[in-house]
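Two complexes follow with chain A in common, the first pairing it with chain B and the second with chain C.
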Partner chain A sequence: MSVVTSYARALAVREGRAQPVATVRHLHLAADPLVFIPLRLAGEAAAPLGAMVGSHPARPHLLVVPQPRNRDLRFAFMAELARIMLPYIEGRAAATETVPGKNERERYLDAPQVIVPGRGAVEFVRLLGRSTRFRSADGPYPVDPAVPVLGQWLTFLYERTEFAGSSALVPMTEALSLHWATGQSPMEDANLATLLAWICPPPGHTGQEAAAAAEDPVRWPPAGPDTDPGFDARVLRPAIDAYDASGSPEPVREALRGQLEPTWRLMWQAVELLRGRPEAASVGDRWAADRDRYTREVARVAEGGPPRGRRDQAGSAAARLWDMESARQSYDAQRAYDDPLVMAEHRATGKAFAGEVVHVDRERTILLPGGKKPVSRPLVTVRTADPVRLAPGKKVFSAHRRRQSGEVIELDGDLVVVQLNDQLAKGAGVPGVGDAVCFTELDLGGRIRPGFPAAEETPWTHGGPPAAYVPTDEDAKEDWS
Partner chain B sequence: MSTSTERLDALRGGAAPVDHNARTVAALAGNPGCDRRAVLDAAGISKRDTAVHLGHPAPFGQSPFALARARSFEELVKADRCAHLLRLLREALGLPIPAIAYLDIPQAGGQATRELRHARTRKELRQAAESAVRDGSGDGTLVDHPLFTLPVAGHEVYLDPAVLAVQAGSRFHIVEIKSFAVIDGAADSAQVAAASRLSAVYVYALKAMFAAEGIDPGLVSHEVVLVCPKDFANHPTATLLDVRLQLAALRRQLSRLTRIDRILDRLPPDLTFSLEQSPAELARAVRAAEARYAPECLSTCEMAYFCRSDARECGSLEVLGRVTRDDLGGLDSVDAVLDLAADDRRTASEHDEIAEQLRHVHAIYRAHTAAEAVVA
Partner chain C sequence: MTVAPFPDPLGPAPAGPWPEDGPAEAAARATAAILADFTGGAHRGVIVDSPPGAGKSTLVVATTLELAGAGERLMIVAQTNEQVDDLADKIATRDPSLTIGRLHKDGFQVPERVIRHPGVRASKKIDDVASCSVVLATADKWAYVSGHTWQWAIIDEAYQMRSDKLLAIAALFERALFVGDPGQLDPFSVVDTERWAGLAWDPLQSAVAVTARLNDLPVHRLPVSWRLPASAAPLVSEAFYPFTPFRSGTGPGERVLELAGPGSPVTGTPAAWDRALEEAAATGWALHELPSRHTIRTDADAVRACAGLATRLVERGAVAHDEHGSHRVNAARIAIGAAHNDQVAAIRAAGVPDGVTVDTANRLQGREYDVTIVLHPLSGRRDATAFHLESGRLCVLTSRHRHACVVVARAGIPELLDAHPSTGRVRLNEPVKFPDGWEANQAVLAHLAAHRVPG
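So, the complex of A and B:
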């Protein structure tokens, strides 16, 4: 997958601590992100057991469900969660900016950022969203009106994670793995405690020793959503039994506090670690995409838009897939453009090369096919030590002057001749002899999405126009047992 | 056979043998090159107790809540002589079952030994198969708590599945009851994959049993009936799961498993894994059987933490995961990788291609991290 990461992993073993695989931070980090650590009852699909949530390290909110099999207590938990999360999420909708251009629009200057421990919690956010967004405040099984709204927002946050480079809902282990390579396997990196032990081992200990100590579930409880089976048997079950007998939620509360607090501290330690890295150049653009989506969702929810259906319809699914692919392409390219260590991977595999300009032919002009007037197409000769695997005729882009494209003309030993095709006004875009340059085939993408047919024009090949989704009482009273 | 059985008994020492189950067979097939696991499993040695004695206990365990949930769901599905299940088989899957004979093996056998239960399973299924072949379709048979055997690495192991075998028309299906939820028609892919691997073991065992009885193994369907709770409720729903792929993988890997005799031949004749010896002696004994550690073992094998510690000790690249091992194809230790990367003399070796990439990465990496160190 990546020689750079694999090399850094080997180096981490020898050095006894994690090694950087990025020189800059590739995700947006809010000044006050909402850290959310949800726990669920083992064996259940989406029965919340408790959560620690908050946007200030010193002020965590602890929420528990003293008897997770009791459906009323689950909804009470969701209502309490909504009282903490909704003000945070909806409160980002304050000042706006005007985005100029063909599609001129207003956009909020801020958006919510929720940070969870890992992939398991992201999946749990999806299930919590799915199990609450169809609920109704009236009808057969009424719930607190905030619950379905929270369900819509959790669904929104989850769906953002499907787009590469979004920072709306961040699994912390993956955010850290993007920046550090440890001396353990990616599978073990999914454990937040061992991952951090490798990144910042305590003085006098190697990462390996620290990670081995961090594997003890008693000292470092799992970051959820699943709890340690030993904890379930020895601590949680008696605590739940005590609630059933006495009606006091305190034993469950104290048990879960002990499970959540260590992870809470690790999460904020990780936030500070990431904050210490300078932000990459393209992070602002990607965060703007998150803000765009957030702005649209605020408007949709305010208009009383229905919750997302259980399944996508053909047209919206095709558009979403296009957006996802486009986001992935831009994200991969942007990270390489922003970060020499990421670009190193592409250089090692021959998809990019860096070097020094040894010769420039500024005045060269050619006649384009069908053209009448010769146009300027300067030639730049680069000396590189990289193993170039780009054939003549290959379209390349300059890593230093974004969106300037060119074409490989000739390869001769360690010399590569590149013809520059655009951004040449008054010769400004032509590098000089001795300049360090880098060219790559990675395309930043960002093209306008082609038009997909509207829902009512869905072709018969895709099932024809879908029936409009109308939430029913059936959805609202779905069992959650 | 008897000699290898004696040797395996000797390896186990005085302890009672533990049972194989579909999970251990599936895991064994997932790592067929591991001699250590093959020997320990074939001898019926408790890997859990061994790992504890070695000082590397595996933090495996199931939450009492998960167990309770699995049990209550299974009870629900099987209640009233599988009334729920029959409805699902008829309605959801359209299986042609007009009437059905429900046979419960343990109930019939009382405190039956495994041999008796296995014989009973064989007899009932043979009769069902014969009548199915004779009549074309006719009434179905549902066998609860069947007991299968399966030859693994030349050694016969019993499989005690928490499943049923159902005959519908002339086909036999394995029915697996799992308590993970199917939400909006989709379940957690890792859990479905695990369930398919387990079911494939049962399908394989049933086919083997039919073949041994002289019945066409083709009567056993490669489609398994998976019964799970639907959405967030407790109502069961059934899906047909095609396990042809898992079956093919299992067949290939079981046949590739080095026959246990051949592994035993390589081991010292007086070797024993008895827990009577000191941890250091046991560790030496266990190391005599070669392991093939990969991080995936951590979730499937109780010995994994011991093997990982050994692999780390010798600087093996395996501890960094499959992706890294593949990236650095051909190299097997951390030192080999870093020495090759730092080797400016470009010593010729069989790893020229990866060496060139590593030297390149090393140079770029050093330039950038050094620059950063200056800034910091």
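So, the complex of A and C:
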């Protein structure tokens, strides 16, 4: 936990309510996000029990599996879920824009955004995708043709969460924790009800009191995917027994409605809370990356592309890791550049410093090694009160002029001398005496990915080319699906 | 507590190679066997495990000269620019007639010690240097090279190279010699994912781990550490290389650290600092033990002790006697190592003599000093996380010295370890890693207990 977050947590305890740790919203929020609250049967890896889903707070769809041990009913549930989710997801593919540049392409102006309560639900989305994308509409154990398509999209949504800064599938508790620090532990922050109790306690109550009240699973049932054991034993089991005896799903339906509705209200309350914050400057760029991937996936699914493999080949794993690291690096840097409160964390640890320009040597030129003509390399002296831990020679970037890089030349007490290396055309990029500036080692990245071999060109070091995947009927017979 | 050695999962360990030999003969024999195996052509790859200071660079240089002498072209891959420059300098010094290409990224300034050699050609473009007998670059730079191939490649520090980096360059060569130290820190990533856990080609694993698992490659081992003194090699070997023992190149008494007079201690310097230095000079090890307490990471007392020990060592004007003669242990021959960047910054801020290296374990990898002062990664902690238990971290910190190592720690680490037995997640189809960090930590502490100086 960083210094600023630790301080904000201590402050939250003293003030009795959560404290902001961001001044802007660091994720995209669609006008009509799809809220999805899945529940599963206790003790099963991927047996759906029910879900509440919809993109309008007043119109939730309630789906249940009255006997979750019955696989036919599970896949009937998935088919029903597909009829709600697929129109939402595929419906984003409407108007496009042309992205200019070397790799000119079309891109949809919109993309799906699904919001789930927390990390547990994200993992459940992965499992639902895994258990449905290899199914088939014919052959043994056929399923509704929409089920494998939904499986492909759930897999797509889950895989986007592996890239930092994606807003395609958002776990709400983590989105809130990105913007507020509470007086409870990070583990307790995974409980949507207590987290929201800290952020907006009812009038006359402190965050502590509100969170303690929100821990009651009867008033605020768990946000899933796991249900409360007391509910399982006292309510759910008799309701499932009643279904087995009578064939009527109503008791299970009513039981799950009671479990899901409180979370449904909390989810939309949280959406409105986030909507109240201004969007950070880089969110648009990151959402564009989500839209890019969505555009490609729409084309892939439309062409009848095979479901994503169970495991990555050597080349695709390496390329994916490169992209994940690159996304993480630019996400961390962008958040700091967009938000002074996030930058404060880096200033406290010495990875950035802010201050006032006290001297500028605008005319300085140096001869680069091997160069013939002197080039302009202005020096800027900054007075800062921050604990600077950037050694001379360290490459730094200006937080105010993005992508302008420089180099720390000298540190002397509270003075730091920085040499500016680029964006100097006609002296435009040089700050004046008295300007507030901020320099940091955080790099926005954006380097070109090196080439990794395609599967059929896998070199001997990595085991040579693997056998190609051929779908078989065995895919439908996995023990656990 | 004492720790019983864990049974070898691979069966009984082979005895040390040719124990009747002297260290020089054993090392020469190992090098000859490696060269024969690599150039013999029976395998596409050969792996060489090298304990700390066992002559890894010497092997790389010898192999390079042998291949280049036979008229072969080869490429050399290292992990950092500093490593590449060191190798280029050494090769050019040994054979000034070789043409050596130093490939580097745009904007990189190749240091004087490399470009002073007339045979070295430095460039950011592969086409400028591809015709050289030997081309050296970092793995990151090689990843962007295409259109050229080599029959031979030497991959240095291959245990610190991630397998995805190897994948990006594997099309460039036919055969490869993988050289590295398996006991040092594993490569890491800023992303935390289990997506590839258990896959043979997991990109987060080291290049050697992946290639060795997918190919049946011969594994050689350099048997003698020329860096570590006789007081350190047995402990480091037992704690961090339990199934591949090695020995020191020098015997007991061949390395002597002599502390000249008491110097002029600044008033208020704790006598314990001098006692710790004297214990280290006499035995090769000292544990400067501060009273047990839970502290923040930048524990003010421990930080002050690290900086103070280095200052006193310089003040007392130590002299080191070894197989090459005698020399003064000046500030450049002393290093202070810690686990975290903020600890390094705090120690630097506490005031260390000019020229003393202060750095994290990651940055100290591959470097060598006469005396090292180590802030124990678990000192003052309430918990023992996987990061702090990683055996490679402690191995790097306790194997950088030629003469003596002083460990600074809060009392109570054995109890902390007992309270936090290793609970790393077991994943299907993932080879078990040895040594276990928890066990290695216990072994080092058990040894240090005999060199305790309360502070």
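Basically, the second predicted complex is superposed on the first by the 477 of 481 C-alpha atoms of A that agree within 3 Å, B and C clash if a C-alpha of one lies under 4 Å from a C-alpha of the other, contacts with A are read in each partner's own complex, and residues count from 1 in each chain.
Note that contacts are C-beta pairs under 8 Å (C-beta built on N, C-alpha and C of every residue); 3 or more make two chains touch, one makes a residue touch a chain.
Note that the structure is predicted; figures quoted are calculated from it, not measured.
Engineer: Which partner does A:311 contact after superposing on A: first (chain B), second (chain C), both, neither?
Structural biologist: The answer is both, since A:311 touches chain B and chain C.
Engineer: Can A:208 be said to touch chain B (first), chain C (second), both, or neither?
Structural biologist: first
Engineer: Determine, under the contact definition given at the top, whether A:174 touches first (chain B), second (chain C), both, or neither.
Structural biologist: In the superposed model, A:174 contacts neither chain B nor chain C.
Engineer: Looking at A:462, would you say it contacts chain B, chain C, both, or neither? Reply first, second, both or neither.
Structural biologist: second
Engineer: Quick check for you: in the superposed arrangement, does A:230 touch first (chain B), second (chain C), both or neither?
Structural biologist: first
Engineer: Report the partner of chain A that touches more of its residues: chain B or chain C.
Structural biologist: Comparing chain B with chain C, the partner touching more chain A residues is B.
Engineer: Can A:217 be said to touch chain B (first), chain C (second), both, or neither?
Structural biologist: The answer is first: A:217 touches chain B but not chain C.
Engineer: One more residue to check, A:369. First (chain B), second (chain C), both or neither?
Structural biologist: second
Engineer: Which partner does A:341 contact after superposing on A: first (chain B), second (chain C), both, neither?
Structural biologist: A:341: touches chain B, not chain C.
Engineer: Which residues would you name on chain A as touching chain B in one complex and chain C in the other?
Structural biologist: After superposing on chain A, chain A residues 311, 349 contact both chain B and chain C.
Engineer: In their complex, what parts of chain C are in touch with chain A?
Structural biologist: 44-45, 109, 143-144, 146, 163-164, 166-168, 170-171, 176, 189-191, 193, 195-196, 199-204, 207, 210-211, 214-215, 341-342, 345
Engineer: Can you list the chain B residues touching chain A in their complex?
Structural biologist: 59, 61-70, 179-181, 183-185, 188, 229, 231-235, 295-296, 298-299, 312, 315, 317, 319-321, 323-324, 326-328, 334-335, 337-338, 341, 356-358, 360-365, 368-369, 372
Engineer: Report the residues of chain A in contact with chain B in the complex, numbered from low to high.
Structural biologist: The touching residues are 1-11, 13-14, 19-20, 23, 41-46, 123, 127, 130-131, 183-188, 208, 215, 217, 226-230, 232-233, 236-237, 310-311, 340-341, 344-345, 347-349, 385-387, 478-481.
Engineer: So in the complex, which bits of chain A are touching chain C?
Structural biologist: 162, 164, 311-315, 317-318, 320-322, 324-325, 328-329, 349-350, 369, 389, 448, 450-453, 457, 459-463
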